[in-house]
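Naming follows writing order (A, B, C and D), and every chain is counted from residue 1.
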Amino acid sequence: MTEQTTSSAYTASELIAIMAGRLLVDGQIVFAGVGIPLLAATLAQRNVAPKLTILFEGGVIGPFIRPGELPPSTNEQRCTRRANMVLPSTDVLLLLQRGYVDVGFMGGAQIDRYGNLNSSFIGPAEKPSIRLPGTGGGNDISSLTNMIVAMKHEKRRFVEKVDFITSPGWIDGRDSRARCGLPTGGMWRVVTDLAVMGFDAETREMEVLALHPGVSFAQVQDNTGFPLRRAREVGVTAPPRREELALIRELDPDRLYTA
Amino acid sequence: MTEQTTSSAYTASELIAIMAGRLLVDGQIVFAGVGIPLLAATLAQRNVAPKLTILFEGGVIGPFIRPGELPPSTNEQRCTRRANMVLPSTDVLLLLQRGYVDVGFMGGAQIDRYGNLNSSFIGPAEKPSIRLPGTGGGNDISSLTNMIVAMKHEKRRFVEKVDFITSPGWIDGRDSRARCGLPTGGMWRVVTDLAVMGFDAETREMEVLALHPGVSFAQVQDNTGFPLRRAREVGVTAPPRREELALIRELDPDRLYTA
Amino acid sequence: MTSDALVRDYDTLRRDLAARDRGLREKVTTLEQAATLVRDGDHVAIGGCTLSRTPMAMIWQLIRAGRRNLTVSRSITSTEGDLLFASGLAHTIVSSWFSQGIVWGISKVMRHHVENGLAAFEEWSHMAIGMRYRAGAMGVPFVPVRSMIGSDVARIRGDQVKPIRCPFTGEEVMAVPALNPNVALIHVQRADPYGNAQLDGLQFMDIDIAMAADKVILTTERIVSNDQIRRAPDHTRIPFFTVEAVVEVPYGSVPHECYGQYEPIFAQLDRYAALIAKDPVAGARQYLDDYVHGPKDWSDYLAKVGIDTLLTASRRGRVIFND
Amino acid sequence: MTSDALVRDYDTLRRDLAARDRGLREKVTTLEQAATLVRDGDHVAIGGCTLSRTPMAMIWQLIRAGRRNLTVSRSITSTEGDLLFASGLAHTIVSSWFSQGIVWGISKVMRHHVENGLAAFEEWSHMAIGMRYRAGAMGVPFVPVRSMIGSDVARIRGDQVKPIRCPFTGEEVMAVPALNPNVALIHVQRADPYGNAQLDGLQFMDIDIAMAADKVILTTERIVSNDQIRRAPDHTRIPFFTVEAVVEVPYGSVPHECYGQYEPIFAQLDRYAALIAKDPVAGARQYLDDYVHGPKDWSDYLAKVGIDTLLTASRRGRVIFND
């Protein structure tokens, strides 16, 4: 068995990346954002899932990112390093619609009880207090495949109802997503620095599946703006292993995304 | 002035190719079939229209066909010789729909009074006496741009009404084409070994615009299965010039398409 | 796929795709093994066009394996269509054009089968077939086009094409239905063991076909390393996860051409044309006996075509890169 | 184009295109001359994406030329969007994402303009923008998609997206409207004097943009002979007849990257970020004064960026071909 670490040995971002990476399965096709999602997917690819394929919105299939040369977005040449294929960005997004993608993996600015994401507006869309950068491919990805979201666990980010649904989760819960005209995909996991969450199979409300080492359910609830459900059995995640941390730090030596 | 020739000096196919080639204008984009259309377009390109661009259904923009190496269809590598661009065949056809193409140029098996072409069935479609090869891109080309058709002038080919509209001309005449949902394009010229024909601007009936040297209107009518209109002034085409014939024979030395 | 549904419903389409193993894995196999991936009754789409990059070795193997009752689609169909009909492999060919080629006249084999009701040649416009594959590749049930309007080509398709009104402009255009073949047969110049494929020259509809199909059987002139593919990822045209089998078959399109590799074997095509000119039934049967069932393997078939003939075709094929 | 019509009607679209000179002719010109092809009020689509192959020199020239009231669309918008707003060049940006880049946080210049109602950032999903260009490229008024459904991204677009029922399956999908820009600005690695362009690496939406637009202004790292293009016609990505001007501009995407040529000039991007962090209005104005209006020409601008910086970015850009 490999050596484990204590929570003082890693940053919140490193923890999120490692925990999120563990959710990926070998052979999957993962549509990833830059930052934590890319780090997590690369970690999975190198550790346990050599047949995993990363897709980038810029039009890239199956790259191997070079440590220390993380791309500034999903649209620069660093994204194409040792890739199997480069194609127009519209066409890589269409892979989602056709169904080739197993998992969409992105960060989030604001999420609600039903896993809807907001990256467009804080405040009303007509007169926002903050105009956020917008959807990018987020709306397409979350409309068309199963989602993992990696984000910091803060009360202002985990809200009862998002100001604006940029990327649809389970909409209003139960079968409302399908009734809207989205028969496939949906929010699957939310990974934070406190816990791993899923969604109740019936009501589609967010529920805690596992707590990170040293974190209590009350602590997660305190940092969440709506009542969280608990899974029937709430587990505890295994702490980050040294080699997971080492690889994250090799990939992001300048702590661009893991500070 | 260059030397002219007498009708014994060329074949019917050579005459058609030369007369059809003269209809092209410099700078045009011409969607061409193989055989006579390709020969005619190449003739125009070399003689008077160096800025003319040939498109092939196989997905080719602006080739220069090598003399003696005529392609067997629009879909082999000989079609791409010295081309400016090669693209998927669906996309070269979409150029017609977007409107990039000035002229479609093809051969015909059967044509009627309103310029509709049949290359699908002789006899009823359900139980044809002859199953012809079908539309290819013919339907797309004639639906979406202005057409030149080059064919032999025979009564069995020039019929009152085609058995089957493979490639739409003016449908039933007058504004019936537009009413069908085809707001653009239409049959523009029919070039045969006897004459050059157009279509009345109002009724859209076929009319003789010019007779080839030594051909009478009666002779054209005799070889046509419906009453032909005469243009207000029926001209006479200038006979093939020696250099036109020389070029045709250089391009097709084995008389694959000009026997 | 329920074979009688024109468009597969989206839930089924997604479920069928979710069940595929899309992991990065080696798929190199033989023609014989690859042929087992095609089931009787399947809809099989064929890449290339007319005499170009026809996956002839795979078709040849399917005939030898005795597959039956296929529906086959291809942009333009040439001699391989005759063999599909004459062998009983296909009962329906969906295509925009079907004959050996303009220089050889109308296919007597196609005529014999269609005019006698033995098989069907289902005609669509060239662009419509392309857009059907494209809709299938994109995962939408239809796309609008502006051809096949006002013609009998649309009329005889009945409910398979339908007018649709643009919700923005109010104008009526034609909707063509998505086509998601069960299997796509595609021949390329180069592919790696995972199925990442590079195409030189004319692409025809091959990329859309690959994306639309349930699985791709790839034959390739040459298998190259994945390393080579990764050195120029912008030259890859078909991604590995669409592919289920990779078979290295040099001269895999003979007697048709493979861009930059060899031109069509005109002598062989002339010989075939002469055979069926006398009697489409007996002539095609003799061709199948001599060139499909007779040879002990693909190399033996190539030997019958003749080494001099192949070398001449190769020399001609390569001149495209001489300029 | 009537600027208030969401989708140009087909008759007008065809007439506009028929009027263009599509003959094979040389189009090499200067940034100054090319800028005259853009009229105040035009819809200008910008090629590349985020920090990649941004036609920065052409945007830079349009700002210098004082164009106004443009509507600009781009898949993803970065610092060039800030400059478009801050200079008054554009009043509306149609895009899926707008900020300098994830590592620099949310664009303060975008926020200033949008939150104060000075300009509009019209948000569509990334795929929807791509499919709008693609519909424009194909000459159809709409295409169906399966995203932007059930979200507020669709809701705030009002009548600009509409549900449509598939005539074959009966299911409801989303129709997105065609987008045919008046002008497309595209930067490439190589083009010939006629405008045949080759792209290395990431293509983004550039091909669809080129086909959809009324005219393309092409800037290129290098002008090559038409002979070179004709030697590998399967590498051409944009055909000459879409193009109205060809301008050779080495380092034409700086401070963004050009695939295989140079990486982004991170020092310059950091400097810009620092300037606007203090005050988005004054900071952007100072950047425009120093780097857009100040230099006497593009070379002078490059000199201000610094030769060492450019060489470092070039070395990094070329490593993509080292493996």
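Operating definition for what follows: contacts are C-beta pairs under 8 Å (C-beta built on N, C-alpha and C of every residue); 3 or more make two chains touch, one makes a residue touch a chain.
Which chain is which protein? Per UniProt: A, B = 3-oxoadipate--succinyl-CoA transferase subunit B; C, D = CoA transferase subunit A.
Predicted model only: the values in this text are computed from it and were never measured.
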{"item": "Shortest chain-hopping distance from chain B out to chain D (CoA transferase subunit A)", "value": "1"}
{"item": "Euclidean distance of C-alpha centroids - chain A vs chain B, Å", "value": "59"}
{"item": "Inter-chain centre distance, chain B versus chain C (CoA transferase subunit A) - centres from mean C-alpha coordinates, in Å", "value": "29"}
{"item": "For chain C (CoA transferase subunit A) paired with chain D (CoA transferase subunit A), centre-to-centre distance based on mean C-alpha positions, whole Å", "value": "37"}
{"item": "Touching two or more other chains - residue numbers and ranges from chain D (CoA transferase subunit A)", "value": "10, 139-140, 145-146, 163, 173, 201-203, 230, 234, 323"}
{"item": "Residues of chain B touching at least two other chains", "value": "60, 80, 82, 86-87, 94, 97"}
{"item": "Chain contact graph, described as a line, ring, star, complete graph or other shape", "value": "other"}
{"item": "Interchain contacts, given as pairs of chains that touch", "value": "A-C, A-D, B-C, B-D, C-D"}
{"item": "Interface residues, chain C (CoA transferase subunit A) side, partner chain B - complex", "value": "49-52, 75-76, 95-99, 101-103, 106-107, 110-111, 114-115, 117, 121, 123-128, 130-131, 133-134, 145-153, 156, 163, 172-174, 201-208, 257, 259-260, 263-264, 266, 317, 320, 323"}
{"item": "Contact set on chain C (CoA transferase subunit A) toward chain D (CoA transferase subunit A) in their complex", "value": "6-7, 9-10, 139-146, 162-164, 166-169, 171, 173, 175, 177, 200-203, 230-231, 234, 323"}
{"item": "Chain A - residues contacting chain D (CoA transferase subunit A), complex", "value": "34-35, 57-60, 72-82, 86-90, 93-94, 96-97, 120, 125, 127-140, 143-144, 164-168, 171, 177, 180-182, 256-257"}
{"item": "Contact set on chain A toward chain C (CoA transferase subunit A) in their complex", "value": "26-29, 50-53, 60-63, 80, 82-87, 94-95, 97-100, 102, 183-184"}
{"item": "Chain B contact footprint on chain D (CoA transferase subunit A) (complex, rising order)", "value": "10-11, 13-14, 17-18, 21-25, 137-140, 194, 196, 211-212, 226, 229-230, 233-234, 236, 239-242"}
